[in-house]
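Each of the next two complexes has chain A plus one other chain: chain B in the first, chain C in the second.
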Partner chain A sequence: MRETLRVRLGWLHSWVGFLAGLLLVLVFASGTLAVFDTEITQWMQPEVPLTQTTLLSPTALQAAAETIQTEEEQGVSAFLSLPSHRDPILRVLHYDGHEFIGAALNSTTGAAFPTRDTAGGQFFYNFHFSLRGGTQPGAQIVTFLGLCLLVALGSGIIIHLKALWPDLVLFRPFGPRPRAWVDAHLIAGVLFLPFILFMGYTGTAIHARLLIPAQSFFPSHNTALPKKEKAPPKGHVLQTGPLLPPLAPLLAQARATLHSPDGNLVLFTPDEVRIFKSDAFGPFLTRDHVDFSRKDGRLLRSVTHSPPAAATMQLVRGLHYARYAPLSLRWLYFLSGLAATALAASGFVVFLMKRRRSSGEQMFFRLAEGLTITTLISFPIAILGFFWANRCLPVALHDRMACEITLFFAAWALCAAHALTLSLTRHATSGWQQQLGLLAGAGCALPLLDYLSGTHPWSHGGGVFITTDALGFTTGLIALWALLKLREPTA
Partner chain B sequence: MRMSRTIETGLAGASSLHANTKKRQKQQAVLRRCGLLALVCALCFLTAHLVMLLTRHLPFEDVRLRTDLGGMVIAALLPCLVLAGFAGLRYRWGLMLCLGACAAAALTTALPL
Partner chain C sequence: MIMLCVLVFWSATFWSHEFLQPRTYVAFPYQTRTRLTYRVIRLLGPCCALAFCLIQSPTLGVLYWLGLGGVAGVGTSLLSAGFKQKRGLARVSKPSR
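Right after this comes the complex of A and B.
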């Protein structure tokens, strides 16, 4: 066979795309859900009413300050997330090594809502950038996968460069099966190429320093590293600061300086109180802040200007995290994320179809098919299992959050074992069908489960619940349709 | 003694031999591609590492900003280099390009600014 550019890059695209794609599809799916992380948290904490205003009373701030002080005495570094239009709740949060979790307070009275212990949407956010493996090796693996995604995208563009325009408009869903899947792969890839390329690039750039640190691997390098000061682990404090000053006047002053009327973050160090500009203010994730003395509340400094280099990075972060995005743009991010997931999924199907005739009997092929089922079907089942666990586990259960997460991974592991067993014993079709049936059942029954749980009124602030349930139901319907297509005699 | 038609005619034997040769050639081609890809990736990661070391000379006080900017360069450079290194077949220009980039980064890191 002649080694042309298309042949070589086709090989690179297939193998890098498939091997990296097995994990990348998890990153895409969890990232797509993380676009609505706050809303998922609201769904998972139905005890918190969403009908509150963004107004904050001094009483509520004082109650939050007392909670902060108590948590610091326990060695936990907590901060405040002030109410915003998207999340009208006063939250006292801390980092537990994976998620930002904590109490939700009434923004008028300061009373804590009796919420269930859950990781909420933060779970998907954490899974998206680290696969829940922490900075090392989780975020490093995801960054490496980002580089693989860029290589696969680049090779894909070169392969299809000549047919880029026809690929944009050509879709033959009723044509021969391989052709239809290739068309689906191409149309998703070409239509959403700018988004996928941009998110792949920004995601990789944001965490590249974790994969390739700015420290020499060679010990003889002449630059000695400065000695690090003793720092507490993330989310913890070494010493408790003095009693907090009244926060209301500081907040008013900071908001006037930052021109940020709501949704600010308030961080506390042993010496300072730092009030940050809301992330929702614009696409630049500026982290502008005003600092006050913790002892007497006097203004120390304000940081409101960034050099162009810093502003570039702020824009990269802001556009990737999409915290500035209004609801409509957030939906566009969500749909584009779904398209990226569909691109990877259709790529897997094409990869398997191409090799089924020549290598269908080989062990590696069967392993590849089992792994494909594990990522494409078992992972969504585990996600729905996470939502089911949230409604089914008792509210007062000890270490409830850990139980929810354990159930997610247990469901995924069981489904993976099922898929791999059936695939390796030459019953992959049964594996696809059984898991699609389970996914259809779990998705379609989610609204019913939510209704029967009776955890929240539907009349006020029900939009979050209705939308989440509807998305779960739609997932179930799509799985049911796929199952029926698989059962057709011609399939 | 049972003789198969394959041996009698000799036609299928030749076809099987041809198939084996083709399979071996294909395996060799895949091995060559894997070797080249590994070499190109190693060169590109070394280049990226050297670029990251160079960010220490950037005129910004904030260390994180420097490494972030390095990250932006690496995220753009590394995939392009891998693709060029793997795709550039004629006279191995792709590999030469990777070597050149790596050497340039090494020289810039080693030489005093």
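Right after this comes the complex of A and C.
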């Protein structure tokens, strides 16, 4: 009976894991990069010096207010992201339907930096939670995938329960190849299980309403719905508010109330100026805020307490977004994200290895292998292509951000076509090898490209550039190692 | 520094755990006293690591503890595999029952 259960759960684990995993691995990889979204944006905007302080001058705030006013006149709803230790830049941002983008200002003089137009790390953040498909169906699909992840994890734990404790750190890379891949799958899954479980759970819980809405999916004809007020599309305003009051005294008052000395967000409505607590102060994403009148700057209200149910969701969001996390903890999030990606990747390999002979390499098997190459190798190539595009495209190019994103998807589509063609024509090994070679080249040459671009000094604030280049280089080395292993005669 | 200590505690725990498994102690026989030491390390290692993490950060300590545990586990499994390979025991998987 128990064995029957294990066999059935094994089937469930394999198929849910593989089918959902094809997209989940993209969510894992982009989420891992999104842990450092701010730093990626800094790498992609090398014109902005990272040696500034978090201190804000009234001149800079005034310049920011003028930029806000100008953007509102153009129908764009902009807000301020104030300098923090992580991102010591005063930013005037707006939502473009996918990312929060906008001007970067000097926090002392208020002068705008001549930055290149890029989606930066926000691209990966958006891709992570919606696959760039918006709330519907993008975020809905990702939330459903989160459920599939929980099913695959649950079934995986039950299958492996007997050996969970004795095989906790068992790894046999020098044993038979299938055994080594299963071990790798188990090690990544078991050792990082708490992280993967809580990220899967919190990620699903954040957008659970998209799957189980409070209202019916189907509109009822019996009850008349109350008419909604006309709301502007996200990131836009219908009417411009009056001129903004001086922001410096409002900010000082709000910071004292919120106990949040830097990194605040400042939002503007036609009637109010809302100053929010920084997300960096604790795991609760509280959204505590102090509101002022936009006309005369008088204090309207302060919201600093949340009911228990709201506080629980704030904790769920805070733990998932990790904006509170200091650098060391963010690295642990990053490594755990890599482990989740490795878990999915090794699972794919095991899935294919098990079925290669029994399937006789029929059409569906070849399609599965092609899709596996598309997600495991082509996607990282596209990511590196995005980084390359950032350095190679001219700074003054019209609609540069869209070009970068188009190049990302073009690179991915080309690689996918290549992988599927070779795989369907029974040349999957060549597909793996050629794409690994491309990935190795793109990764290993990234530091050289960054150096030759000469876009930034290395002596001041170069840590972000060195680390990003080093990670690109490491990706290239891993791909090269995998390529050499594949070329070994036993492969 | 504290993170390094936590990593060491976790690594010692995983190392001891691996050496307490039948497949390993059959291959590397050791005395009963050593076995007891491994048991103590396996028991106390995670507790000490947790204590260090909570001292470092009472609110975020558990997250550090779990994250560093995972990293130490992967490191130990690689080291242990390399160690067994060096001793020519890489293909030893589980003792026959």
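The rule is short, and it goes like this: the second predicted complex is superposed on the first by the 477 of 491 C-alpha atoms of A that agree within 3 Å, B and C clash if a C-alpha of one lies under 4 Å from a C-alpha of the other, contacts with A are read in each partner's own complex, and residues count from 1 in each chain.
To be clear about the criterion, contacts are C-beta pairs under 8 Å (C-beta built on N, C-alpha and C of every residue); 3 or more make two chains touch, one makes a residue touch a chain.
What you see is a predicted model, and the numbers here were worked out from it, not measured in a lab.
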Which of chain B and chain C A:204 touches, first, second, both or neither: first
Chain B versus chain C as contact partner of A:283, first or second or both or neither: second
If touched residues of chain A are counted for chain B and for chain C, the larger one: B
Partner chain in contact with A:403 - chain B first, chain C second, else both or neither: neither
Touching partner for A:315 - first (chain B), second (chain C), both, neither: neither
Which of chain B and chain C A:212 touches, first, second, both or neither: first
Partner chain in contact with A:9 - chain B first, chain C second, else both or neither: first
Chain B and chain C contact sites that coincide on chain A, given as residue numbers: none
Chain A-touching residues of chain C, taken from the complex the two chains share: 3, 14, 17-18, 21-23, 59-60, 63-64, 66-71, 73-74, 76-78, 80-81, 85, 90-91, 93
In the complex, chain A residues that touch chain B: 1, 3, 5, 8-9, 11-12, 146-147, 150-151, 153-155, 158, 201, 204-209, 212-214, 216-217, 221, 223, 307, 309-310, 312-313, 316
Residues of chain A touching chain C in the complex: 166, 168-175, 179, 187-188, 191-192, 194-195, 282-283, 324-326, 328-329, 332-333, 335-336, 339
Residues of chain B defined as touching chain A within the complex: 25-26, 29-30, 33, 37, 45, 48-49, 52-53, 55-56, 60, 62-72, 74-76, 78-80, 82-83, 86-87, 89
